[in-house]
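I'd like to ask you about the structure that follows.
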Amino acid sequence: MSGGVVHVLGAAGFSGAQLAALVDAHPSFALGTITARADAGRRLVDVYPEYRVTTALTELDLEQIAPGDFAAVCYPHAEASELVAALLDRGVRVVDVSADHRLHDPALYPEVYGFSHPRPDLLAEAVYGLPELHRERIRDARLVANPGCFPTAALLALLPVRDRVIHVVIDAKSGVSGAGRTPTAAVHFSSATENVTPYKVLTHRHTPEIVQEFGQEVLFTPHLVSADRGLLASCYGRFVGDTPHPDDLLEDYRVFYAAHPFVEVVEGPPSMRATQRNNYAQVFVTTEPRRGLFVGFGVIDNLVKGAAGQALQNLNLMAGRPEAEGLL
Amino acid sequence: MSGGVVHVLGAAGFSGAQLAALVDAHPSFALGTITARADAGRRLVDVYPEYRVTTALTELDLEQIAPGDFAAVCYPHAEASELVAALLDRGVRVVDVSADHRLHDPALYPEVYGFSHPRPDLLAEAVYGLPELHRERIRDARLVANPGCFPTAALLALLPVRDRVIHVVIDAKSGVSGAGRTPTAAVHFSSATENVTPYKVLTHRHTPEIVQEFGQEVLFTPHLVSADRGLLASCYGRFVGDTPHPDDLLEDYRVFYAAHPFVEVVEGPPSMRATQRNNYAQVFVTTEPRRGLFVGFGVIDNLVKGAAGQALQNLNLMAGRPEAEGLL
Amino acid sequence: MSGGVVHVLGAAGFSGAQLAALVDAHPSFALGTITARADAGRRLVDVYPEYRVTTALTELDLEQIAPGDFAAVCYPHAEASELVAALLDRGVRVVDVSADHRLHDPALYPEVYGFSHPRPDLLAEAVYGLPELHRERIRDARLVANPGCFPTAALLALLPVRDRVIHVVIDAKSGVSGAGRTPTAAVHFSSATENVTPYKVLTHRHTPEIVQEFGQEVLFTPHLVSADRGLLASCYGRFVGDTPHPDDLLEDYRVFYAAHPFVEVVEGPPSMRATQRNNYAQVFVTTEPRRGLFVGFGVIDNLVKGAAGQALQNLNLMAGRPEAEGLL
Amino acid sequence: MSGGVVHVLGAAGFSGAQLAALVDAHPSFALGTITARADAGRRLVDVYPEYRVTTALTELDLEQIAPGDFAAVCYPHAEASELVAALLDRGVRVVDVSADHRLHDPALYPEVYGFSHPRPDLLAEAVYGLPELHRERIRDARLVANPGCFPTAALLALLPVRDRVIHVVIDAKSGVSGAGRTPTAAVHFSSATENVTPYKVLTHRHTPEIVQEFGQEVLFTPHLVSADRGLLASCYGRFVGDTPHPDDLLEDYRVFYAAHPFVEVVEGPPSMRATQRNNYAQVFVTTEPRRGLFVGFGVIDNLVKGAAGQALQNLNLMAGRPEAEGLL
């Protein structure tokens, strides 16, 4: 267990529970405390039988988290920043799975998330935890802001054409688990089955996060689809210079991602199936040279590469472990 | 509109909303008040876009319900009995879609439903609203107790062999809408999709209702399946006397249901598909003479023949309308 | 039955069967012959129990189709044109539900559909059967080309901004029934459940059909989603002149569709739910004035407004019946 | 790789592909040849992207299979027996995943499977590969007959009461993958979604297999449910002697399965969820002493514990490896 101890704070939600399960099965990390509020006292296996993790959920007790340990904070947005600061002060390195440290510009928080960020210094320090973009900086980071699920899929489909396409439209389809564990009318089976629904049109909070990392405005629209897990970002744009041949663009992508173990550049449109319950992303791109069009697809599991798996990928990097350890 | 006015009390739940939509489209009934608590003030179409009923939900006001009108009470169990009594006192004829008047024996209410029934006289008076069993008594009833969804499917599969089989096992599969509109962990899409779960094993409240009408003990087990609507009761038993040839038993069923417009005796195992969103039940039975076995299936839509459609079928009978009016 | 006789040729497929069921229940039309190849001899109810149409499928016999009758041809593309011509020669008015008369330019057929069209004169004569666009011409047409499912949803979302937006991207999501009745690997439940898959990227045959009626190039990408029925077209574009306020654009749409009974302009993003199994389309649009963005959604049932229901809407117009007869 | 080489013959079907993926990831076995007919020449990953197995499917060539190797035969029934015999003659130890060696009585094959078994001697020799029942004999077997999916779930729920209950009814629910990879009308998404269908009532081929191992007649009825993977057997019976208290029966089950790593005796009705994509079975039982009733549930993944996982469990035993190796 040379990797160290990983605490999962907020482990009763979908992402936190998935992360606790991944850490529990990891060959080098030890699972530390896993915390919850309403479910404190129950074993994780009693809440999520499929994970078979027998560790009990407890209320948060910072004394249980030692300097040098790692912590993943899986809190709702606006509720994580204070805890993250306290953990860093203790000498604990943190992956914040919430949205509280993803945006570098503090001015965006009141507008996008409805609260004034208490620690702009940590926004400046936090590394955006997309390893395919910031791997080297993640290795030494004290604080990694784990990306949102939609930005992960969209950015992986778009990064290699960052300076080459404009007028980018992202139409994303997410499984229902992306809406979280709290039962609501929208996630009632009778609402979600056999259905597709666009939501938060022009207002989704992941838009500024994509813009920050992609470096230009995008038109992003999420849709809820009748699947438990999976997220597909269909991306459209127009080339500003010459439009590459489809084969050449695919080759560009293969080169771009050659050193990244979790991005599979595939030969045709990917479906959600091949990345469900694993940390892979599949990416496919093509072009129509006559009209200068770009089409790209990125597909992930929203709870794995879109949340818990990516958090563990970041923890591996932070701990000096192989990037894919415990994730294959 | 010679049929009269039908008020739907508790119209924001799945059954009540379905009933309001059926009454709204009925050629002879006028839709009266439709009531709700949390949703009062909204139009039904804003809660259930698929029904396109523009009538507004209101809080209950008995003054709006005139003597001679009909009322369907779609309240949770234990909450309907008082209202039903008040309606009857006003001279309103009632279909109680709740469970509050289904059991004739008042001694069962504390044990099965956890409350002492305030009006044993109404339990004695109420007619169990399965038209295939009590059609003539329903016509003149002041109070009809609309059957539960599971008893409807099971009884239709079993009634013609009531005195001929014993050791009856009923394994039922219900769509998620049967669990009602309130969001809970069990009806979260991420719990219910790709899943089947038995529940309330040996303790489901519909058991005594089946026993009352079938006239013998049964072993009944419901399962939640990943479907919105539909209910299949698979029934098993052993013949006490000679075991009929499968063809002869099917013919017995055809004769038994010949005068009943909503029971289709079919030639092979039915699936949920053919009865979704309509008031039909499909029934198939067969036997294994060598071992004296009976196998029967009854399939319905839990919200239509299992609730709102059957309520309208009862209202048609009570109002002297054709039994199938507004239901084909 | 003053509307006349409607024959459904190719009634064993999903669209044809749905149309036969709608005609069978229509108050003014009589259902004539319904034809099939492999299923000839079976009653429609035995193939589609949910429709309860007891008419038998037969092999095609033109002698059974009298001058003055109507015929709906639900054949695969490339197989309908010859039959359509023969029917017209007999004095039968035709709705071609196949793709064989949708494109006016005969030069497109070899490229898009892989065959040289035998009757360019009929391409010139055929009226594109989107009543919201060509209602008056449909009334008197001998031959109506029933639109594809994707064009129907996309055009309804886009027509009112036809000359106002450019760079149009259409990301469409279709239920599996859109792929037809033939069992294939793609429609196997184990492939399609919990999944979303883009397909025919940049090459789908409905693209030129949209372009023809919308009057400009579009980037159209269909996706298969895990639903039986339903089709959502999410449409994105950029205004060329001033960008209207969202409320003003919604009002433009209300005005545009005021006289069209099946288009519901709604106040927020529509889901598939409200248009499943009926002939309605729901349309919602909004804008972002700062960036000049247009976002619009059109949702239909792919087999009803996207095929059979629209065919019946066209037949109503051709027969001088009320446009919505038999469709509400 | 001290475990040896495992060849998977018939690896393009659902069970064979799942088994190839499990063997490929196994720490001690080497994946040998994987064969297919129509898909020969393709890599397994191209047929099943989710498995990421890059080995190419080939046509069967017995020369590639060395004495001392292991082979799993995943052929359709009636097609495996000849190959199994040839493999055994070569000195290859075999797990037959088909049904061709499950029944010891050769007289059953013509009646149940429609062919006369060519090698009754191998029926006598084959060990029924349910490790929870025949673990010791499996270790040394040349030929293990891998159980059917329904018998696996039902037997695990029933074995500890084998001599104590009678009148056993088994109502089983299977995911669609149990019907195999071949596209048919029954597995079309549009048929299977939102549906439950009983099939092969009183005639399913797994009945004699259950009877053989359970030692008494049962009434078994399978149902197809709208899930990809998962199988639930709900079992009902009557105690012949005293009816145990529910807690005592659960304790009996815990004792019975204490040494078996893949059977989890749980505290309440299990759902499909917790055993999907793993080799566990979950079992829950209860009783109603007043009426002498037994109720038990067994749930597995039909392709893992119900097929490929169990095959690997058997291969582990045959090779002297830990029973759970490569399966946790």
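By written order: A, B, C and D. Residues from 1 in each chain.
Throughout what follows, a contact is a pair of C-beta atoms (placed from the backbone, for glycine too) under 8 Å apart; a residue touches a chain by one contact, two chains touch by 3 or more.
Since the structure is predicted, the reported quantities are computational estimates derived from the model, not experimental observations.
Chain centre most remote from that of chain D: C (centre = mean of CA atoms).
The interface holding more C-beta pairs in contact, when A-C is weighed against C-D, is A-C. Distance between chain A and chain D, defined via averaged C-alpha coordinates, is recorded as 37 Å. Chain C and chain D have Cα centroids lying 46 Å from one another. Here the CA centre of chain A is 39 Å from the CA centre of chain C. The set of chain C residues touching two or more other chains comprises 175, 191, 193-194, 226-228, 270, 273, 276.
Those residues of chain B that touch chain A in the complex are listed here as 14, 175-177, 181, 183-185, 187-194, 226-228.
The part of chain C that touches chain A in the complex is made up of residues 167, 169, 171, 173, 175, 191, 194-199, 201-202, 217, 219, 221, 223, 225-230, 232, 234, 236, 238, 269-273, 276, 286, 288, 291, 293, 295, 297.
By the touch rule above, chain A contacts chain D in their complex via residues 49-50, 193-194, 266, 270-271, 273-274, 276-277, 282.
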